[in-house]
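One chain, subunit A, appears in both complexes that follow, with subunit B as partner in the first and subunit C in the second.
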Partner chain A sequence: MRNTRMKTLLIAAAVLALGLWSFAPVEAAPKKGGVLKFVVGSKIPSYDGHIESTFGMIHPLRPFYSLLIRVNPDNPASPTDFVCDVCEGGIPKPTEGHTKYAFKIRSDITFHNGQKLTSADVKATYDKIISPPKGIESNRKAFFSMVKSVSAPDPKTLVFKLKYPTGAFVPALALPYNFIYSKADLDKHGYKWHQKNVNGTGAFRFVQHQPGAFVEGKRYEKYHHKGKPYLDGYRAISAPKMAIRLQAIRGDRAAIEFRGFPPKARDDLKKALGDKLTVQESDWNCNLMVTPNHKRKPFDDARVRRALTLAIDRWGGSKYLSRIAIVKTVGGVVFPKHPLAATKEELTKIAGYWPDINKSRAEAKRLLKEAGYPSGFEFTLHNRGVDQPYKVVGTWVIDQWRKIGLKVKQWVQPSGPFYATLRKKKNFDVSIDFNCQSVINPLVDVSKFISDDRAGNQYAEYQDRQLDKWFDEMNREPDVKKQRAIMRKYEKRALDEMAHQFVTLWWYKINPHRSYVKGWKIAPSHYLNQHLDNVWIDK
Partner chain B sequence: MASPSDLAVSEMDFDTVPERSWVDKIKDTARKKPLGAVSACAVLVMILLAAFANVITFYDPVQNAFDSMHVAPSVTHWFGTDQFGRDIFTRIVFGARTALFVGFSASILGSTAGLILGVGSAYFGGRFDLIFQRFMDIFISFPLIIMALSVVSIFGTGTQNVIFAITIPLIPRCARVVRSSALSIREIPYVDAARALGFAHVRIISRHMIPNVMAPYLIMLTSFLGQAILLEASLSYLGLGVQEPTAAWGLMLQGGAEEYAESAPWIPVFPGLAITAAVFAFNLFGDAVRDTLDPRLRSE
Partner chain C sequence: MYRYTIKRILLMFPTLLGAAVLVFFMLRLIPGDVCELRMAGTGMFVDKEAIATCQQNLGIDAPIYVQFIDFITGFFTFDLGKSMWTGKPILHEIGLRFELSLQVAIMATLTAILIAIPLGTISAIKQDTWIDYVVRTFSIAGIAMPSFWLGILIILGLLIMTQKVFGDPWMPPIHYTPIWEDPVANISQLIWPAVATGYRYSAVATRMTRSALLEVLREDYVRTARAKGLLEKLIINRHALKNSLLPVATVIGLEFAFLMGGLVVTEQVFNLNGLGKLFVESVTNHDYTMTQSLVMLVAVVFIFTNLFIDILYAWLDPRIRYS
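Up next is the complex of A and B:
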């Protein structure tokens, strides 16, 4: 009798457990079909990933191409999690003293024109990126300065040999711009063919591009990641005005915008759409910098530059600006959540990051007095004609400098002339500049601070051989602890002692999107995770 | 035929007509043109606001006050505050300075340059006039905003460049109107007489022709004021005019319209109203000046 009761009890418990298990929340299985419409706020200068740097090209074009390796689409927030795309297995372990990487290339990949992909195509791609022929542009050549040679000993093997071991190599391979091109296309049509033509191995095939209107792609049935993509196709709609992009999402003319909206726009959309809207947020591998022109007086004086950075209340600014702009995190030269980044304690020892802003500004005034400007001086802040976050941050720093007696006017230029001033004319006193990267790779990302005859993107016009030396040491140092120690010295010198140029705030990415868009995970960069092969529509 | 005694009587009558005071004249004009009077008052208020902005307002127009971000209109902030916590009423009052400075500068410069060129073209006539007018035709064929945008894109932003950008498209419009009046004046015998006396061209133009085309000049000048204010606001709205942190209505509208129209509507509404009111007032004022100075309308 007792046994029967026990058995009944056990069966009841098992039934209950089974029932509960069946009601437990499970991740919905991806559904196939549908066309994803998304808005893009920038234009497409050309289709060639190897020469472009804008999300205006990445968002509509990246789904047509594959990479050798990519940031893990299921864990894009991690700065160290990479997976194979056209290679197979995992990322190979380096050999020969961390200077040789041998990748196995998948043999089941075909280009959209039907041609088979082999390691020769990947080699030809990296040859174009790393050592392009004379007259052929390559924007990320410097990222591969450690590469000694690339070879394809057989159709399934690709070997990179490095000049020295460095942790910067693998992240560089995962850059979303490294589109794999066909060697036959390069040989037959030349190195500029991809600027106006598309032939990749990505999840989607190119259908059409109506300039200024949209880019259309449809599912590639022979895509090498089996079962993907889930979408029938996508349409990337060009919408340079933010108000139009917002209204497109609100009116369901588009489901998502991959770059990011300011907080107020997020709140308005959330208020209007409620559960129909999902918001993903992340720190952003982008920061706005202040770049004084060292060739102009008084910015050739480190005391004046230090005064400029000391006047800025980053901790207070973060609190308030994060409510009106796409900036938030206080950080040094390294992406704030990276192991190489300074901790809060370390940051507060750097000029401009001190916890007591009054003390900081008093020191700024003292430095100005010492430099011969007891009652401040007037100068012009050069800025880019883009509201978020450039003009907002520009207006804020001008107000910060007023507090130490500086009178600052703002000179705003549209993007084209802004870059021309920064890179060629160099006729500015102090400029807003930015350091935006895709894959988080601090060892390379901080090259913004080395001498201008080495860094192609340093516009403050200074040479600092000490920084150059530490930069090289960091890149050749295999031990992370030692790398970190050098990074602290590097950061202290760049931002504090010399105050060559300085970081204001790091950006903060906010992506509100229609809740029926599934599978896409926000990354710390608007360039990453844009292959769309894992995105599906739950309608 | 009037006898000498008749003439004496009429002169006597004329002398006995009492001269009206300027207050009476203003009252009379206001009664005849009430809209013009209202607009003149609005313009006067705007000028006073701009002149005494420091006295009228309690806040700093450019200083950020993050503790007061997005405050709705209230007793402490009559028009609310913007995204940087700045008092919108204060910025509108200071913005009047920018609007008036740019508006007056551009319209005076544009009209005056147009006056000189228009009179000169009419005076010299012939091939010079023909070629010069074709150039004017080219300039007039572009809408004001397009011309202003072109000038700003060449010379860059900033208050001085904005004034220049607005001045350039105004010149041919004034030159064309002034030239038509100057053409008829050129045919009047006293101009020939001055020539016969050997006066220099500059003297004939400046002392005999320009004073006689002042009516169309003043009409154009006042009608340009509203246009110049609107153009300045448009350029600032497009991010090509005056720049932050300077208080300017178009800039305030631009900063608030896109992001805050829904959640903090006072940010774009009040600058928008200020632009509307100013342009409306200056246009009405310009119409009233035209009605007063145009002899045909005056006789009616």
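Up next is the complex of A and C:
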């Protein structure tokens, strides 16, 4: 009797499961064909990924190239999920005390010119990135400062040996700029050839580039990820003005823009196109920072700097500013979705993140009084002449500071002079700055806070050897739990105790696109998941 | 006339040298450089060594007088060098955009002439009637309305109207197709900027035609023609209009020269890959070599347009002899 009841229950469960399975939404199978048109809001300098840093080069050119490893295209939202591109199997486990990584290179890959790819090509690529010959620029050498040697003992094996174990190495390999070049091209044409020529192993072959107008690619039939790409080709159309990019999607001159639009633009497009528009949103691995000039009084006083950060209501700002600007997420020095990031509970213990803004501002006023400024003072906020999100956030922080009695004027400059002021002239009181990265690699990304004689992009003009020490410790620590513990001390000191410079809000990425664009998944950076091999058109 | 023309051509050299000195030194007053912008303009880690190598490769670190001599020598030997931003030859980059800018300039000029001369003439003939008031209002609106604003209105209007009528919004193509490849795509892209700029351009020319014609119509020889019973149509066409076109030709010529490099904002509005857009991009990119070349190109276009207008004067009015 008991057995029969059990059998009946099992059959019922099986039938229910089958029923649920058959009613579950099935993702449509990708269709082949079609040309994807997308708009790009920035310009292409050279074609060489090892030199350039703009998405204006990544979006049109990344589909021509492969990487050794890449962010998982099926799960690009994860900050820690990497998969092989020209290597095979998974990401190798490190050996020799976490200092040796041996990658197996696929043997079925050919460059667009027909030449076979071997580990020698990958080695030549990384040699160019890590230790370029004199007179050759390489913009991301520092990401590989832990690498002792790169070798290719046989055509299928590539070995990296590290000087010390570090968690920063694997994410650095997945940087979207690490285009794999052919050794034969480098040997035959020299190290500058790729600045004006394309020969990769990516999903698409280069067809043409009309400078200032568009880049065109067509499907590479021998692409190593079998069955892909789905598209016949693509056309990346240059459109520097946001209004044009928006209207292009609305008028179906382009199907998508991969960088991101402000919330108002999303709403307008949605209103105009309804179901014909799909919106993908994500936290963004960029943040806007406030950088006080430590060489100028009174910003040499930590109490004054703490007062500045205490006055900013990040939780409130997140709620209201996100309606008009591309900022939203409250976070510390690490990208908020990463395991090394502070939890909300941890954040609320840092100055400027306290849940009670009134208490925070009272403390800010007390600090100003203690520093000798009971009725506040006047200064100038230096900012970049770009609306989203610089000017919006600049105007907001000025208002926040007004609430503790500070009188602040805004000085806005175009990008070139803005950087010259930050990097060379240094004649600012407090400046807006930003930290914007591609692959989420917090151990490297937080280098923005180390001493200015070590960091290439710290403009607050301070030296803090304690932070330097912790930074080095974190980078040499293979254990994630220990990294996390050091990161908390590092964050507390940088943002709170010393308040050297501080994060306002993290950006928020909004990608409205035509609903017929399928397969592309938003990543937390506009530099990632741009190989386009998984994109298809449902028309 | 020949001596005059040769003298004018020779005068080009000091004018161009003056323009070259101005643009070279003014550009270098702007803080920052192309390498900083390329490698440090994205908020990422900055490699100082890579920036220094880039500056060395582009010659930005060379003494200023060396850079100036290189520029002048290059310009007068027709070797404009390479763009600091793309590394491609400047002549190639300019050549790509020149065709589009020239076509828009010609189309806008034709639009302006087709609107301005008939309207200006009618307005003068029908002075102080309702027709005159309508034409004057139309032309004042054209002067008051910036062409880029009209451009935005045109695009939005097209999107909204087509969505209402056909259900799907339509906008003009956003990248250029040469007229011999696809005339329909070409015209459907360029007609709108031509109308937007041509309207403003025509407004100036309409007012000029009207006032010049009114002045000529009050001349003694027109009165004489009327007195001897000549048809009004003949008086206007044969005697008055031709003589009133001198100042109109000047306006049209100068506007044409301006259109060749000056459609900075309109080209952005319609996403036209022309010389105006290249101008803006090269200035924002701190691309010294490209900006210098473009300024010199515009200077040459202005000089030749002025020369052409002067020669046209002599054809329009045989009394004018420059010698």
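Basically, the second predicted complex is superposed on the first by the 514 of 539 C-alpha atoms of A that agree within 3 Å, B and C clash if a C-alpha of one lies under 4 Å from a C-alpha of the other, contacts with A are read in each partner's own complex, and residues count from 1 in each chain.
Just so we're on the same page, a contact is a pair of C-beta atoms (placed from the backbone, for glycine too) under 8 Å apart; a residue touches a chain by one contact, two chains touch by 3 or more.
As the structure is a prediction and not an experimental result, all values here were calculated from the model.
Superposition model on subunit A: subunit B and subunit C are shown accommodated side by side without a clash. Once the two complexes are overlaid on the shared chain, A:V122 sits clear of subunit B and of subunit C alike.
When both complexes are overlaid on chain A, the residue A:I136 reaches subunit C alone and has no touch with subunit B. Contacts of A:V517 after superposition: neither subunit B nor subunit C is touched.
In the superposition on chain A, A:A203 contacts neither subunit B nor subunit C. Looking at the shared chain after the overlay, A:Q437 reaches subunit C, while subunit B stays out of its contact range.
Contacts of A:I312 after superposition on the shared chain: neither subunit B nor subunit C is touched. Applying the stated contact rule after C-alpha superposition, one finds that A:A243 touches each of subunit B and subunit C. Judged by the touch definition given at the top, the superposed model places A:I105 against neither subunit B nor subunit C. A count of residues in subunit A touched by subunit B and by subunit C gives the higher number to C.
Between subunit B and subunit C in the chain A overlay, the least Cα distance found is 5 Å. Judged by the document's definition of touching, subunit A residues 241, 243, 414, 417 lie at the interface with subunit B and also at the interface with subunit C. The touching residues of subunit B, when paired with subunit A in their complex, are 62-64, 66, 69, 83-84, 156-158, 239, 243-245, 255, 257-260, 262-263. By the touch criterion stated above, subunit A contacts subunit C in their complex at residues 39, 43-46, 51-55, 135-143, 195-196, 210-214, 235, 237-241, 243-244, 247-248, 250-254, 272, 286, 414-421, 423-425, 433-438, 444, 447, 455-457.
Those residues of subunit C that touch subunit A in the shared complex are 30-33, 36-50, 53-54, 56-57, 85-88, 93, 96-97, 152, 155-156, 158-159, 163, 168-171, 173-176, 268-271, 273, 277-278, 281, 284-286. In the complex of the two chains, the subunit A residues touching subunit B come out as 241-243, 262, 264-265, 267-268, 316, 319-320, 323-324, 385, 387, 391-392, 394-396, 398-399, 402, 409-414, 417.
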